[in-house]
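Worksheet for the structure shown next.
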Amino acid sequence: MQRIGVFVCWCGSNIAATVDVVQVAQALAKEPGVVFATDYQYMCSQAGQDLIGAAIKEHGLTGVVICSCSPRMHETTFRKTCQKAGLNPYMVEIANIREHCSWIHKDKPTATEKAVILGRAAIAKVHLNAPLTAGTSPVTKRALVIGGGIAGIQTALDIADAGFPVDIVEKKPTIGGKMTQIDKTFPTLDCAACILTPKMVDVSQNEKIDIISYAQVEKVQGFVGNFSVTIRKKARYVDESKCTGCGLCTEKCPQKKVPNEFNLGLDTRRAIYIPFAQAVPKVATIDPDYCSMLKSGKCGVCAKVCAAGAIDYKQQDELITREYGAIVVATGFEPIGMDKFDEFAYAQSPDVVTSLELERLMNAAGPTGGTLLRPSDGTHPHTLVFVQCVGSRCDGGEKGKPYCSKICCMYTAKHAMLIRDKYPDTEVYVFYIDVRTPGKNFDEFYRRAVEEYGVHYIKGMVGKVTPQDGKLKVQASDLLGGRQLHIDADMVVLAAAIEPDKSARPLATMLTASMDTNDFFTEAHPKLRPVESPTAGIFLSGACQGPKDIPETVAQAGAAASKVIGLLSKDALTCNPCTAQPDELKCNGCSSCENVCPYGAISYIDKPFRGPNRTTLIRRVAQVNPAVCQGCGACTVACPSGAMDLQGFSNKQIMAEVDAICR
Amino acid sequence: MTYSYFPGCTLKTRGKDLDTWGRASMEALGIHLEELPQWQCCGAVYPLAKDEIGSRLSAVRALAAARDLGTPLVTLCSACHHVIKRTNYDIRHDALFRDRANNYMAPDTAYQGEAQVLHYLEVLRDHVGFDTLAKKVVKPLTGRKIGAYYGCLLLRPSKAMAFDDPENPTILEDFIQAIGAQPVFYAQRNECCGGYVTLEDPSLSQARAGAVLHNAAAQGADTLITACPLCLYNLQKNGGKLPVVYFTELLAEALGLKEVPV
Amino acid sequence: MSQWTDTIRQISGVDPRKCMKCGKCTATCPAYDHMEYHPHQFVDMVTTGRVEELMASKGIYTCLTCFACVERCPRSVEPAAIIEAVRLAVIRQQGGNHMTPDQIPGLLDEELPQQAITSALRKYSKGG
Amino acid sequence: MQMNQEFKPTIVAFCCNWCSYAGADLSGTNRLQYPANVKIIRIPCSCRLNPMFILRAFQRGADGVILCGCHPGDCHYTTGNYYARRRMTLLFSLLDYMGIERQRTRVEWVSAAEGAKFAATMNDFVDTITKLGPNRRLEDLRCKSE
Amino acid sequence: MQERVIEKAAQLLESGACARVLGWKTGEFFYDVTPAVFTSAQQVRQEMVFSPFCGANLSKYLIAESRKEGKVGVFLKPCDSFSFVQLQKEHRILRENVYAVGVQCQGMSDIEALKALGLRGITAVQAEEDRLTVSTLYGEKTVALEEALSLRCRSCKSRALHDCDELIGDQGRDLDTDRFGEVARLEAMSPEERFAFWRSQLSKCIRCNACRNVCPACSCEKCVFDDPNSGVQNKAAADPFEEDLFHIIRAFHVAGRCTDCGECTRVCPQHIPLHLLNRKLIKDMNALYGPYQAGSDFDSKPPMLTFTQEDPEASIITEGRGIQ
């Protein structure tokens, strides 16, 4: 039998005005197990806390019930009070007689009666409380960043800055991501490469950062502080340690007709290639789909010209397994395919391009050396039509995405402005549904495009593009002008919606991190925990969580890094002791609990049990990892045999409360 | 191989060329099109009103008849195909319409959308195969540059029609290649010809057909083909030099069934 | 809100509130020059209750029902179904037929396919 | 009428810690009244609610049981309320199938910001149960206090 | 069929392929057939039967038998094979220790069904394809199996064997019988009528636990009704609440796992139509969360262990209407 002390708080007049606190204390004193009951003006004050501490010692209390304000307010306070007095902090229960009683009732006898019942329920629960000790688990002081775009780069740099080692896994042969393909950035018009490439160099020179490029995550095990990750480093058929990046092989390779993905297929590269001049690591890679040596064993030119002897046609994929304390997802985005929108004639004319393709056509390192030329005939375009929201804000059918891609309004204003600036003889039309410019200096930027640069912004949409006689006949609506427009354009630029990278979905499965229906990673709390996944130890950086521009991405990358640093600077993690616990004797091993656990906290082992007649039975039983379990209790109800119970909110405790209330 | 066949009114009168050469070609390809007994006019246009039941019933009857015969129902005219395929789609997806249609008709066995509706071109593509067709061609139309004119009814709405990519279809172009000619792609091939409004307002179809023909000619077509009598009418009436014929006529030509006009 | 708004919504089975006013329907409409109200205005005016003005317009008879607006609408609003519903709201009224069989012979030419006549009668009159 | 006024139903409200319990707190902070018949039991998440607890409450004399949790999509544990929703839907259907008054059980999503909704929900639920009268079909006569 | 089944069982033991075989043997009366473990071919030939009374679902016994030394052979009817798959899905049966022989089935009879046909003094029943030859004290009668089917076989869901190593007879197909008609009839009643119906039925319950003990889904290591810590432990029903409680909890515990094998109703000595509780939940889950058949495959997620964001709210359940 517990020895329970009951402490009824007046909360000045907040409680005492409508609840007869003395009567409550007297009534509860008669409950079984209660050896001490009192009331006091302010239990949470120092004097009140001292009173509790003294009573615990004097009466040898094993359980404490405090009738006061909401546990959301002072549960932690009173737990500490009891701990100081030598009582396990989880032997405290709070009866909420303020928010749930005195403040909502006017009639004193009614409120007093209810306060007594709430006190009884708390007493009934405390009878079944057991001392709980928060366990700890060690933290591996190394972080993994998945994705080497600007988000991953910034996160890695910030974590490394704080002194923790970081690995970046990048699926492409070089880090840098989408930002390497962008020409200029809004709203300042500074060159993307100029601000990105120094950061890429920083990454490569930082001793704390290890770049694992041309690689992907294959398997993730473990939990917060203790992840074990297997990474497949694909064979690039070039020894990274020997290659000097001189690029001679990329000039001598006879296979010249490989679509160059860095320029989005607008030009070609060789079968052995370095994606671009500032690539990090600056190492050649052989494309096995096109290399004739790898395909038919004939050629070997690159090996002959390589002075460093770095070419290795026999190279195999390599599996690397490492331990990490935290994982940051920075898998970024891709523009959606345009194949469902051929009313814009994307498949029919090379002069209809996506905005990212336009970036390449305007970039000095792009296929046209920075001069804007039509892909079809290499002539200078005089009339350009931009179409906004291609595939964004669709109603969720097979075509397009339901969300706003967020960045298109701004980059289109940028494109329009740059073109008008460089080629004043061009006419630029932008067809928009809404122009969305929430951001510092964003609307001013858009207004400049209209007012200073004379870009024609037309509210309406393009309905059909007809390539004819070397022109693109654009049929569109001008809603404010009340007319249907027919423009003979030289180029049409489509602001394609963006979607999460295709690698995100399988990765989320490996990480047991949740995703929304659009495959964006979900945050632990949309407002208060925006850079954490609900799965402990998994953090989100950049567009994998939702469409973002560069400054937002960098800000989120820094925030994710600071969360990682906070985690890695701990030597051990204190676990929430209110976790699920299976009773192995009752467990069927049926996996019901595992199915509903949002955290992957449950695993199974085969364990020997004593069977009848001195035999041994091997049974599959559930194990809960207390470092991962967050204590929601989903498993306890899913379990058919009631083997799974939740500490601090056990079946018996809740039923005792029910009994006390319904008595 | 035998399929049920719904010819429709126009194919029995003004659109005989579409029908005659279509059937003859299929026979040559080893497929017999068995005309549904006692078919009635499909209604020509698909009623967009959710509460119109009666005007969709003749299509439901044709579908139920095909279901009873156990063979897919083949159509050739774009308008009939549109009406019958969409009716079938609605029977399958709109429970209220399904119940009400069955209540009206009170058939022995309620029609639940069991029949399969195929356009003639779908039979060529999915059942015969364009590769097989190419092998059976005896007089390839080598050197001809042919533009496919799809119009509206075969493609849209794509959800119900499920015929081809509504914005970038290829079935007719593949057909053109199979009969040995060179397909000419042009963007206006899936834009409207002016449709039935030509009856009241010929200027509209003049403008529309003009845009289609101009675009096709500009992209280098020497002939246009279509599967719709009304499209053929509008394009021919408002056309200039560019000949417009039914695709089945060229098919019959390539199979050596039809004399090539000099 | 006019009582007609509900009628149009019932007949068409379309929810015009899904429209995000992008104007793609109007951009793609081949009959634009022959209508005084355009597809996006049909959607908007049905939402705001201005159905009578639409009912009085000639454009309801020039919609080609080509489904370009239906296919290309990013929000699955189906403007063509709304236009047809407005036309039906007119035609279903007493004496509302826009075309009667006795008008047909005057419009015929030799080549005109049956399909066109049936279509027009179906579109322009009740019980056609 | 007289009877009903005298009948003071016993109502158990299970509230998830993160949204609905906080919503109930807010309703208190804003001094929004609801009858004292409602007694709240705090659970970590709506998915912790075992159907057995509801049956237990009826057995011990409760006249109505309501579960409050975070709105779908807002669960602190991301998915708990989705499981709760399925479990409660099925339990309510089964109880209804056995002839237990459908109105005696309810699920309501109340966020931490919806103090007013919490109070309004409780007022409505108490009102419903009061009109319905005492629970007779799922009571355990042995548990009735003397 | 009888000969082929027995011969197969004997052969499994003779060849040493199996150490034990799970089958059926006759109890006190010829129609009182019970599950049995055979360890020798001789025993099989003497005792094993396969008759129209072999309704018992053997899959549950595999939980224990598959964990013993050596391989166990088992005979499964189509409906049993659903339970076999479901139990594997729940990791309860060690598949590698089981040799499963599927037995095609035309439906099982039971003595009640024969009595209902007016047959008295039955001494033996012989099955021949779709006919039963019934020997009675008053002579021999032939009845169509169709007419003498047990209650649950009248609404058989499938003749397809879902997992077996070999099959005696032909593979069957899913059947389109009206499984939910009786549930719908109850749904159409008023709440008062439903309450009265279930009270009249459940008040017959003597808490013998036969339904639980036979149920393949009720195979927990420790049943909550036997667990003093569960809060629902009880031996005998002392109050109407307890009868209801037992059956509500049981139905809920097997929701999404019940394969609708009908064993509960078959064994109930009080003839309570317990399957109507489980079928109600199956019907609801199908309507609310999409068609699902427990034990029909190894991969699908049981409806109670998954969700969609678009699931209907609990308020979809309206009084006395069921789910539309």
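Just so it is clear, A, B, C, D and E label the chains in written order, and each chain counts residues from 1 on its own.
Just so it is clear, a contact is a pair of C-beta atoms (placed from the backbone, for glycine too) under 8 Å apart; a residue touches a chain by one contact, two chains touch by 3 or more.
Fair warning: this is a prediction, and the values are worked out from it, not measured in the lab.
Here the chain-to-chain distance from chain B to chain C, counted in touching steps, is 1.
If you take chain C and chain D together, the chains in touch with both are A. Nearest to the global CA centroid, when each chain is reduced to the mean of its CA atoms, is chain A.
Relative to the C-alpha centre of chain C, the farthest chain centre belongs to E. Placing every chain at the mean of its C-alpha atoms, the farthest one from chain B is found to be D. By number of C-beta pairs in contact, A-D leads when A-C and A-D are compared.
Note: centroid distance chain D to chain E, computed from Cα atoms, is 36 Å. Centroids of chain A and chain E (each the mean of its C-alpha atoms) stand 47 Å apart.
Between the Cα centres of chain B and chain D there is a gap of 61 Å. Contact with two or more other chains is made by residues 343, 397, 464, 596, 638, 651, 655 of chain A. Among all residues of chain B, those that touch two or more other chains are 167, 191. Looking at chain C, residues 33, 68 sit in touch with two or more other chains.
By the definition of touch given earlier, these chain pairs are in contact: A-B, A-C, A-D, A-E, B-C, D-E. Here chain A touches chain D in the complex through residues 70-72, 96, 98-101, 103-107, 110-111, 113-114, 117-118, 121, 514, 522, 525, 534, 578, 596, 598, 630-634, 636-638, 646, 649, 651, 654-655, 657-659, 661-663, going by the rule given at the top. Within the complex formed with chain B, the residues of chain A that make contact are 339-343, 345, 347-348, 397, 464-469, 473.
The touching residues of chain E, counted against chain A in their complex, run 67, 90-92, 217, 219-224, 227, 229-231, 253-254, 257, 301-302, 304-306, 309. Partner chain C is touched in their complex by these residues of chain B: 8-10, 13-15, 41, 43-45, 47-51, 55, 77, 79, 152, 155-158, 166-167, 191-192, 194-201, 203-204, 207-208, 229-230, 232-233, 236-237. Residues 517, 585-592, 595-596, 604, 617-620, 638, 640-643, 651-652, 655 of chain A are the ones that touch chain E when the two sit in their complex.
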